[in-house]
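Note that the chains are named A, B, C and D in the order they appear, and that numbering of residues resets to 1 at the start of each chain.
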Amino acid sequence: MTEHREKDSTKLIIEKEPDVEKPVFIEGLTGIGHIGRTAVSYLIDHKNATKFGELISDHFPHWAIVNEDKELDILKNELYYLKRDGKKDLVLLVGDAQSLDPQGHYEIASVLIEYLNEIGVDEMITIGGYGTGEPVEDKPKVFGVTTSDKDKKPYKDIEIDFEHSIGQIIGATGLILGIGERFDMNGIALLGETSGILVSDPKATESVLEKVDELLDLDVDFENLEEKINESEEIIKKIKQIHDQVKGQQKTDDEPQSKDLGYIG
Amino acid sequence: MTEHREKDSTKLIIEKEPDVEKPVFIEGLTGIGHIGRTAVSYLIDHKNATKFGELISDHFPHWAIVNEDKELDILKNELYYLKRDGKKDLVLLVGDAQSLDPQGHYEIASVLIEYLNEIGVDEMITIGGYGTGEPVEDKPKVFGVTTSDKDKKPYKDIEIDFEHSIGQIIGATGLILGIGERFDMNGIALLGETSGILVSDPKATESVLEKVDELLDLDVDFENLEEKINESEEIIKKIKQIHDQVKGQQKTDDEPQSKDLGYIG
Amino acid sequence: MTEHREKDSTKLIIEKEPDVEKPVFIEGLTGIGHIGRTAVSYLIDHKNATKFGELISDHFPHWAIVNEDKELDILKNELYYLKRDGKKDLVLLVGDAQSLDPQGHYEIASVLIEYLNEIGVDEMITIGGYGTGEPVEDKPKVFGVTTSDKDKKPYKDIEIDFEHSIGQIIGATGLILGIGERFDMNGIALLGETSGILVSDPKATESVLEKVDELLDLDVDFENLEEKINESEEIIKKIKQIHDQVKGQQKTDDEPQSKDLGYIG
Amino acid sequence: MTEHREKDSTKLIIEKEPDVEKPVFIEGLTGIGHIGRTAVSYLIDHKNATKFGELISDHFPHWAIVNEDKELDILKNELYYLKRDGKKDLVLLVGDAQSLDPQGHYEIASVLIEYLNEIGVDEMITIGGYGTGEPVEDKPKVFGVTTSDKDKKPYKDIEIDFEHSIGQIIGATGLILGIGERFDMNGIALLGETSGILVSDPKATESVLEKVDELLDLDVDFENLEEKINESEEIIKKIKQIHDQVKGQQKTDDEPQSKDLGYIG
């Protein structure tokens, strides 16, 4: 079964129907410290989740990515599910791209939310980072922002921190939760405390994963996290590398000088 | 009743039919001195107007806002109505967001105007500020710009000032009035004289409110205006805060560097 | 009769059917030296052409214009026709706005061309300027660029200059002619030689008008041209004024900081 | 036969059905060192390929190009085919324009791929350059990036180099191959090693052409390549010239100041 759900310039390709019942949805895309992407990617590998779909969009950056085998693919987000006995099933979104333009962020979040609504998701966890601009000396905190009227006690019980002054959440981490609430899905954004200086932040990623572990009773083994984080760093460095490369080229050869090259999903 | 009116990427969600007859429409969104937003917000609270709808758009900034309870919502404009005995009913639009891109301004204004036309609006007041670039020493003036062939005498009688050199009105305050006229709605843009240096301008807001009060016989009590303005400043500061935050992050972590982050609705 | 022809976000509103047969189309919008706009505007007034339609677009700048009576209107292009006995009828496009974004330029030109094709236009003259970057001491030349395989002799006979190195024609002046050719309309772009320093260029405008006069046997009286040009300058100054005004505001009050404010149609 | 295939704002105009069977597709558009455009243009001329279609798009730059006869045309990509006895037929795309905006890159690639899929293409070669930022002293290398699981041996046998650290391929060269793979077309991107300083790079172009010659058994005569490259330089210089011209104008006369003028397809 391959099912396409389209809205304007964004396609959701469902390769097989996910075997889940009222699953919890977890989002982890690239962003500050790449905390969401790394955490969800680790969960998928560690728990051996099953891939069932992809999201591709004309709003993603206009280049194809080359892997270590010198083979290329277009940018995409991937959907996985994890069937669990006696525990809440999971649906996970992971990926190296977010929209380059503001409108695309809304379009992509809307395409996704409509699908999640159809498959019965009513609870969401979106993962990102909060850059303090200063080195984080102690164990990084995990800040929480919930949908409206959500009981914060269970979150406070596991030391998710609500004593922050976060005013906005940019991109998918904020919009998926905000639009989701309008479809009666509720939940929390978990934002790992990070300096904002590091390409990826292993300690903040671990802090967030611990909270996800406790919230969903995942029994996460943190042993291979370091290895995973190193892997992530390689990919993230490659994504960053395009900046200088593209900028260098532009001065000399009229390669596309997009307004948007500043953003690597 | 929930009714959706869509045009491309902008949705108007009507939660309940407004109980109004040939109402006057009043617009107050964020902008210079946040005069429109603060004035209309005060009227809504003070007169206990009834919320009946929301406007959301993919053209709004691509982030969700976090309130003091650490709960988030996407950006929106809100529609209220006020039923009045023996006086003109009112429909009010208030909100913290305008379109990030030029096309969105037209789209949002068009979606709105088509709806206002359906519910019988034939008179409009849009509220904004006019930045002089210099400190305003005396009581701030209120400048007027009307639709074509509108009799200016009633406005001049209450000292709305037409001795100005305003050449354009940017965004919703101008486009709603200009597009509205093409649907046979007419009216006036009231622009409070402001230095343009202040985050919000209480004195200019009060000047404009006095004119709206006189025009519509609203019997406004200005007692709590100061308090309302302080509240507004808190929200506006939070909106502004994202600038530095986002800019700070971009230097270090490749968060979205939108061309449009310079504009906070 | 009001007929709407729409394509995406551009509307052509035909107020009454133009009384023309195989008319020549003449375009004059704002641009370098505002030569096209001023020349066509003069022809319309001088020959008392009849207005029959308007073009409005979401791609135009997102502000409304205030006239000297302190009344506002949205930006638009206007269509006029001139019925002539024993001579070719004319259809003229004049206006203060062009698209803010590249895509809009194509969309607007396409909407227009499809309509011009329907009403039998097979010959076009588009008018613009060519900025040399240096003062123009002598009578300004008029440079020509034609559609493919167009006989240049009639143009050369009246001293339209083809000894130039113009490589591209930006915006409506180029795209209307280029897209028009694909609908079997052919013609010429007339580009007045201008320094590019002047807000408007009366001498270059006169040079171009003389060529249009000769091409179409218009019997133009140049007596009131100076007055018309002064009028144009007032409007053009107002259009320019928004630059500084908007820029001034942006530093202090978070008014929309569009990427596109740099372009005034 | 003229067949139009449209998707949003991009049109593929098929002038006559190409006489090909399971052809190999070769792409060569402007870009770094203009290697793709020059190489494919040379093949078309040299092998006398037959033009059968054009692609035009609202996402192309918003200006028309003037040729040496002072005649203008809008920007376009052109499709050619080459019927070969006993060898694979070819379909070639060449052109001076790519999309100005990220979304357009996806749209144009999608329109193209859907058509190529219909006419039976299952093998693709896209051609571009890779800027090293340093002078290339020796014979320029040709770097390869393939679609997934493509056997690299035939490519390595003719010394296409896979020992590189290319992380992304921007624009058509990457997206056509990446999107093509999703339609079961596979192939290779050939990227000529170039400093990135040269307007066009004859040596890198020759290196790439040699590989294409070997891959497709084209029997290329390199004798006239130098002449072709000189021709290309003329066109490319004209394309570049608009930069300064437009920038110069903008300071003085409010010509369109697009965010995107930095990119010349």
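To be clear about the criterion, a residue touches a chain if its C-beta (ideal position, glycine included) is under 8 Å from a C-beta of that chain, and two chains touch if they have at least 3 such contacts.
Keep in mind the model is a prediction, meaning the values are calculated, not measured.
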Shortest path length from chain B to chain D (each step joins two touching chains): 2
Averaged-CA centre spacing for the pair chain C and chain A, given as whole angstrom: 49
Gap in Å, rounded to a whole number, between the CA centres of chain D and chain C: 35
Overlap residues in chain C, where contacts from two or more other chains coincide: 101, 239, 259-260
Category of the chain touch graph - line, ring, star, complete, other: ring
Partner chain C, residues of chain B touching it in the complex: 8, 30-33, 98-103, 105-107, 110, 129, 131, 133, 144-150, 152, 162, 164, 166-171, 174-175, 177-179, 181-182, 189, 194-199, 239-240, 259-260, 262-264
Residues of chain C that touch chain B when the two form their complex: 9, 57-66, 70-74, 100-101, 104, 238-239, 241-242, 245-246, 248-250, 252-260
